[in-house]
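Next up: the structures, one after another.
Look at the two complexes coming up: chain A is in both, with chain B in one and chain C in the other.
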Partner chain A sequence: MSIETRDPLQHPEVQLARGRHYVGAYVVSLLLTGGPLWLVVRHLGTPRRLMIVVIASAAALTLVQGYFWLRLDFSRTQRWMTAALVLFIPLVVMTIGLTAWMFATLYARTMIPTLMHAPAFGH
Partner chain B sequence: MSQDAHVDSATAVLWDRGGTKHDMIATRTFGFWLYLLSDAMIVSSLFASYLVLGHRVNAAAGPSAGDVVHPIAAFWGTVLLFSAILAYGGAMVGLKRGDRRAVLAGLGGAFVLGAGFLFVEGRDFAELALHGMVPERSGYLSAFYTLVLYHGAHLVFGLLWIAVMMAQVARQGFTANVIYRLLNLKLFWFFQGFVWIYVFSFVYLTGALHVH
Partner chain C sequence: MLVDYPGPWTFLLGRLDAREIPLQNPILLWTFVLVSVGAVAVIGAVTYYGSWGYLWREWLTSLDHKRIGVMYCLLGVAMMFRGFIDGVMMRTQQLMAVGPKSPGYMGALHGYLPPYHFGQIYSAHGTIMILFAITPILVGIMNIIVPLQIGARDMAYPYLNAMSFWLTAAATGLVMISLFVGDFSHAGWVGLSPLTELAYSPGVGVDYWSWAVQIGGVGTTLASINIIATIIKMRAPGMSWTRMPIFCWTALSASVVGLSSFPVLTAAVALLSLDRYAGTHFFTPGLGGNLMLYTDLFWIWGHPEVYYVVLPAFGILSEIIPTFSEKPLFGYVTMAAASIAIGGVSWSVWLHHFFTMGAGPGVNAFFSIASMLVGIPTGVKVFNWAFTLYRGRVRFDVPMLWALGALVLLLTGGLTGMMLAMPAINYTVHNSVFVVAHFHNMLNVVGFACFGAINYWFPKVFGFRLDERTGKLAFWFFSAGTVVLFGSMYALGFMGMPRRMDYIPFTSWRPLLMGEEAGILLFLVASYYFVKQLFVSIRDRAKNRVTASDAWGTSRSLEWLTHSPVPFYNFAVQPHINSRDEWAWRREHGLGHVRPDRYEDIHLPDNTPLPVMLGACAFALGFGLVWRMYWLAASGLVGIVVLVIARSFQDGPGHTVPGARIRQMEASYAAAPGEVGAARDPVGGVAAWQTASAPRPRAGDGRPARP
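Presenting the complex of A and B:
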């Protein structure tokens, strides 16, 4: 955050670019989206198992793109960006998780009888 | 604490009027990163709304996720979006070398591929609208349109920003101001891929799990 350079092209954030990392993350990203798509479209598994695959692939994609594309690591150049993202994650989990929890209980208490046995967030 | 330690508010110097030597580029990219995270909080709220309105009662006896999402079309959009990000990565590699032509080529590629993504998405939504699946049809459709098109609106803005940066790179070269803007645009553009992971996974793929 406090590194001085005279030539802006020599700035550490400019020098972060790595062609191999970008290409590698691109290939892995396509595999991690194409694989679950194939499983879902072909119905290869129960909905519960497929949901676990989708969640796992999204988590893996987050790590791959976060590290190889956004270069979020603990280097001197990037550590505060990484820290900001890490501190941001609980806010997201609370926003989505607490909203889902509140409405799940609301639906359970207020739905008309025929809908009470429907999954809270199913279709 | 002794009385000698008393601070005279009339003469005390509470800050350095000369300023400190902050790294201009890093300060601006970090500030923009915090802005992106606050933008992502809006996306989180939209995901929360989508989750809540995914209950079948909110479909108002109309189409639900299984009828609305087209995961294969969304995958082709994914390929285009990730390719647009890779093209921008190529521009960043060119910037590292100080190669203006490579930067312009990378930005141009990102623009074309990003526009391709919007074309695929636009065609998908036009088809939905033709079949009467419009936002006002139900709470579920309102949430679906808002979440997916919020991401699409970012892409539109990104294309405009890319066009502006192409002009600035061509006219001004690699000044410090142009470079921090390119770095901020990199964060913005790459972050759209990050958001799309969740839209693709939790709207399109999980939606396709509920085909009737």
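Presenting the complex of A and C:
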């Protein structure tokens, strides 16, 4: 409210990532996906260790892209977008998680043949 | 063609041909005659009074949140009448079709509605009442009141606001036109799957339903975004979170729920449309489809939606009850927290709508417990309202009557909800009319709150109060109708009567069905009095004129600080907030009528026809898709894209109302209660709403001032 401007594009909320950030984040993303892929292909490490590396780089990737591409940070203008994302994650986990749980028990009990063999549920 | 459906198809008209206009059905024919006569009367009156220009400039193209709110409410109330007539028809059919000996008329074996027609009526009734009556009325009220309560000039995105409204209107138009062109879905308001699939519903009815739901869903999602942004970003200086009126808290919570859940509905129905248009198999039985996934997705929206409508209703009660108890709301902090908590829990209970589908006991137990948790914050609210009433100087004005009625209904509706939330009970009453009674009971809480809100805020918006006597009659008949109708329905539910029956085999149910019919007749009387209340109040507006900013004398929140009716600029100078219940604070400190000595220029956006045109294109898109007139659908879509692009080049600079003009307009308002200012005189102070005209210094002659 303290920023007085008539041009909506001047608002930091609506500006997209700058070119430098964009390219930088792209390169980092490539490294963070390519690196783990290379480790897995080359079997460098125990499966357990590989899994940790994959998960960690996926988490880092989310942060990098969120920060440099979607401009989610804690500055005054952006913090509501960050808050929205943080509030959104439990919702996604909850709806998809509970739905999967429901269907997993449902298929077993309703015994619909095609669904019981659905690969998504490990049958 | 990707999918097979019966019947001819031509390029120009798609599936439409003259036989789709149901002239042979006497009910629809008469409805059509009635609607046409009504339309001619309205169009004639507008033409006679030369108001087309006024209507277009001041209303249809308006970006003013109050006018958009009023249009939302008008749309909602009109649709509520339509839905109500559906209700009367269903009740009458069920009463006429009891037992094998009951006669049949107009092509029906029993009663007067054949099953297919009956199915369309209950589907339309539910869809309309929830999505196109209650939801628009509540969005309209939030639109009007939220900016006023936080001291803002308008919503955060006035243009988006108009667009949301016109999308909702386009969707409503689709539902309405299905009466006269083609037919409507017969698969229930929930879109029972796989009945909605093309193989089982090859007509256009389901398509009408699905495109209306999708277009309306987009509109409501955008409206939610707007309200969230408004509350977060547009609060006046000093309006900290803990000073915000509870109605705003509930509007915020409801809008977060709306924003997160409406897209699920839109997506679920879009997948269904892909099944029907592109031949995919998301929800078909077989070929990899999963029809239970539709039910799951629908209720992921469906349950949050019921909280989307009940939360603003709770907010309304929290505004009305303190005003007419003449004391502050009890337990502000817990009330705000409970509003957020109810919104939060509402995401994790949806499976209680299909306990009987067959998920494992752990799943059902989880959702059962989650559903019952809702009772805790709701209980907190009920106690807070009770403690607000306790030792208050309670006045029984019309809004208060509706609010107290809502409290009683909340109790019974909440308790039957708890019963339904226990899987063991649910297995015995699921899909019986007990469920129907439960959710009508709860939606009546919302309905009562809406009527309360209309009575409560009407003077703020139009400058005169609604008539007391007819208002009370409407209230008592409506309440009596509720008890008689839904009391009988609960009983029938316990007796095992399934929902959605067009023929009732057991004559022993007849007495209670007669009770239901008696109840709906009481509703009919109530709606007569509601219309009469509006009529009498407009006719006698001079008598009920509000001469102070505070129509009730004991209101508390910020919207009562500015004039009634609210001028187009809301507040002459931006208010600085000193306290929770700002208006009560100023009144108690003798600051109620202080006038500022300096007025600043006010910047406002220009009106624009783009939102109406977008609505029209959305309607064309929907109508074209329903009938598979692909050229029309494509033109609608192209129109939308072009308009959106045009808008981004043509964001007008807006206009500035100079401070001197504001001073002039302010001076035309009464300086003190009891005095009548010039701006109040013409019809409900329409002059005060004119954005272009100067206030008339002379007393009005009863006709709206023209710009």
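By our rule, the second predicted complex is superposed on the first by the 81 of 123 C-alpha atoms of A that agree within 3 Å, B and C clash if a C-alpha of one lies under 4 Å from a C-alpha of the other, contacts with A are read in each partner's own complex, and residues count from 1 in each chain.
FYI, a contact is a pair of C-beta atoms (placed from the backbone, for glycine too) under 8 Å apart; a residue touches a chain by one contact, two chains touch by 3 or more.
None of these values were measured; they are calculated from a predicted model.
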**Request:** In the overlay, answer first, second, both or neither for which of chain B and chain C A:F103 touches.
**Result:** both
**Asked** Counting only touches as set out at the top, which of chain B and chain C does A:V41 meet: first, second, both, neither?
**Response** first
**Prompt:** Between chain B (first) and chain C (second), which, if any, makes contact with A:L30: first, second, both or neither?
**Reply:** first
**Message:** By the touch definition at the top of the document, which applies to A:M81: first (chain B), second (chain C), both, or neither?
**Reply:** first
**Touched partner set for A:T95, first chain B, second chain C, both or neither** = both
**Request:** Of the two partners chain B and chain C, indicate the one touching more residues belonging to chain A.
**Result:** B
**Fill in**
Residues on chain A touched by both chain B and chain C 1, 8, 80, 88, 91, 95, 99, 103, 115
**chain A-facing residues of chain B, complex** = 21-23, 25-27, 29-30, 33-34, 37, 40-41, 44-45, 47-49, 51-52, 54-57, 59, 64-66, 71-72, 75, 78-79, 82-83, 85-86, 89-90, 92-93, 95-96, 98, 174-176, 179-180, 183, 187, 190-191, 193-194, 197-198, 200-202, 205-210
**Prompt:** In their complex, what parts of chain A are in touch with chain B?
**Reply:** 1-4, 8-9, 11-19, 22-23, 26, 29-30, 33-34, 36-37, 40-41, 47, 50-51, 54-55, 57-58, 61-62, 65-66, 69-70, 77, 80-81, 84-85, 88, 91-92, 95-96, 99-100, 103, 107, 111, 115, 118, 120-123
**Prompt:** What part of chain C is in contact with chain A in the complex they form?
**Reply:** 232-234, 256, 260, 264, 286, 288, 290, 292-293, 296, 300, 347-348, 351, 357-360, 362-363, 366, 651, 653
**Asked** Which residues of chain A touch chain C in the complex?
**Response** 1, 6, 8, 80, 87-88, 91, 94-95, 98-99, 101-103, 105-106, 108-110, 114-115
